[in-house]
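Presented below are the structures under discussion, each in the form of structure tokens.
Below, chain A partners chain B and then partners chain C, in two separate complexes.
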Partner chain A sequence: MAILDSRRVSRAGRWVDVRHRRLGMWAYALNRITGIGLVVYLYLHLCILSLLTRGQSAWDSFVSLARSPFYLALDVILLAGILIHGLNGLRIALTGCGIGAGAQKAIFTMLMIVSAIALAVAALKIFHI
Partner chain B sequence: MIENPFTEEPKPTSAWLWQVFTGVGLVILLGLHFIANHFVAKGGLRDFAEVVAYLRNPVILCLEVLFLLCVTTHALLGVRAILLDFGLSEQTERRLDRVLKVVGALTVVYGLAVTFMVIR
Partner chain C sequence: MPKVPLQIFRYKAGEPSRYDTCTVDIPDSAHVIDAIDAAWAVHDPSLTFRRACHHSSCGSCAIRINGVEKLPCVTKLSDVWDGRTPLRLDPLRNFPVVSDLVVDISSFFQRMSAADMAITCEAEAFLPFTVDSFAVAALERKAVELPEDFSRFNRFEQCIECGICMSACPTMAADDRFLGPAGLAAIYQARHKTDDPKKVEHLLGLADGEHGVWRCHSAFECTEACPQAVDPAGKIMALRRELIARRFSKMWGK
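Moving on to the complex of A and B:
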């Protein structure tokens, strides 16, 4: 018996396509896309931390590189993913506990505005503007 | 596949409860981690000597180990949830669970090994 069949694979990946979908589907897709990105980042981050075991020169060279504008821009993208995933995740957790289930769209919109404001403030701080 | 997620509440499985539990923990622990390592540190990142001094603080060490446990559990439960959408058979689901437990254990052991090699 095949582990996966093509219809199931096609159906399982439909959440990626949010065209002509309601806000709820956008929230669902955003949570998954940011989640996948953060899992990739987690393992990349753990690999980079292995530089610490190679001593001071290896780590401090990386730190110099990571303070360049390109890496700082990547930090802002990372923070965007964390804020969207974290705040949207809190909404999902509250809904699962029966809190705010009737006002999910408003809560989602409000949390995304909070994310955008927090990201703007953090980006200014990261680039020392 | 959920057509409109706002119309359905998540099923309270133990995996979902762990996902929520670790997720709430992460909001606090990741917030502390990010502020301590990127906003408080001069230049946005700690140099080698600062990392060693930071991790040698027992309270920080406990928080970072807890953060490693929470983030690994949360991440792999998320991967599991996405893969379960493919409608895996029960046998494949059991295999997936075993694989993810091994990956999770290796991730935590790796993270602890790096941490203790740094602070020894």
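Moving on to the complex of A and C:
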């Protein structure tokens, strides 16, 4: 049973293997990785919000920590995840409705360029607030 | 004649898997299947692999060449070998390995059967009698009567049932029961060959199920890998469009 389970785990993990694969597979893996990242962030966010129950001083000390360059960099990573997941999701929704299925690679490339530009602008703003 | 290094996946039941390396002498213009043939003939006759037609018609030789699903019978060595690194040969993904490069693709045919697809090709009539009875009929100089709905029994589009789409699909790796690109493309094809409302409901019900079209995460690897331009991903998207349209129609009471 243990062998079977480990096989199932290694099989399920194959979706992250993008070696020798094409652009669609990168889009697939990116969407899953960012999706998992956003779920983890949601729980972290809720945990951090729970600091409010410990009073103003606990919250204020967290806010001063959140303004450090390390936390600002995490904000940029979070935004990258939101942009990639959201815009790639748009591609999936469009192709899933039968719109642009033949041009999915061009759509993905275009949306990722939009993501990169938006992220660069947002990163500049985040670090210059 | 170049010496081509091969790294071949080996597995026999009850033994751990490994990679064997060998070098074969074959011309640059040869196909990968020739390299496998040479490895079998010169180095190790216990090497198991499939091949039959040698011209991309039967799909039986499908394997992964340097990690990419291909038909070695039509893949030129010069297109996949860089002249230095050993050419890596692996069996297809997402199917149980029977021996070396041979996998059991019965799950592929189960999915085709679920979609009610007759596995016949345009040139080979699906007839209610055997090849032998055909031969006997020819000897007796009797006319062979074809079924009235003869034209119905065609293979779907250009699919050669190689299983490459199911090997390339990343969702197949995560869900054993996913109908997969071949099964869903077959459902699409079967659905477009019938106007029978009961059959349409059945086919769309299959596609709309837990392991149907919504399990596809739009990697489009199946369409990229398909050696016959069947475009399974396009068919999956077309099924989704029809299912969405039907849901909207139901919402508006049409």
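Everything that follows uses one rule, which is that the second predicted complex is superposed on the first by the 120 of 129 C-alpha atoms of A that agree within 3 Å, B and C clash if a C-alpha of one lies under 4 Å from a C-alpha of the other, contacts with A are read in each partner's own complex, and residues count from 1 in each chain.
Throughout what follows, contacts are C-beta pairs under 8 Å (C-beta built on N, C-alpha and C of every residue); 3 or more make two chains touch, one makes a residue touch a chain.
Keep in mind that what you see is a predicted model, and the values were worked out from it rather than measured.
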{"item": "First (chain B), second (chain C), both or neither touched by A:19", "value": "second"}
{"item": "First, second, both or neither for A:28, with chain B first and chain C second", "value": "both"}
{"item": "Larger contact residue set on chain A - chain B or chain C", "value": "B"}
{"item": "Which superposed partner A:104 touches (first chain B, second chain C, both, neither)", "value": "both"}
{"item": "Partner chain(s) touched by A:95 [first = chain B, second = chain C, both, neither]", "value": "both"}
{"item": "Shared chain A contacts, counted only where both chain B and chain C touch the same residue", "value": "11-12, 14-15, 22, 24-25, 27-28, 32, 92, 95-98, 101, 104-105"}
{"item": "Interface residues, chain A side, partner chain C - complex", "value": "11-12, 14-15, 19-22, 24-25, 27-29, 31-32, 91-92, 95-98, 101-102, 104-105"}
{"item": "Interfacial residue positions of chain B with respect to chain A in the complex", "value": "1-7, 9-10, 12, 16, 20, 23-24, 26-27, 30, 34, 38-39, 43-49, 51, 71-72, 75, 78-79, 82, 85-89, 92, 107, 110-111, 114, 117-118"}
{"item": "Complex contacts: residues of chain A adjacent to chain B", "value": "1, 3-4, 8-9, 11-12, 14-15, 22-25, 27-28, 32, 35-36, 38-39, 42-43, 46, 49-50, 52-53, 55-56, 59-60, 63, 66-67, 72, 75, 79, 82, 86, 89-90, 92-93, 95-98, 101, 104-105, 122, 125-126"}
{"item": "Residue numbers on chain C that touch chain A, as the complex places them", "value": "66-68, 93-94, 170-171, 173-174, 217-221, 224, 233-234, 237-238, 240-241, 244"}
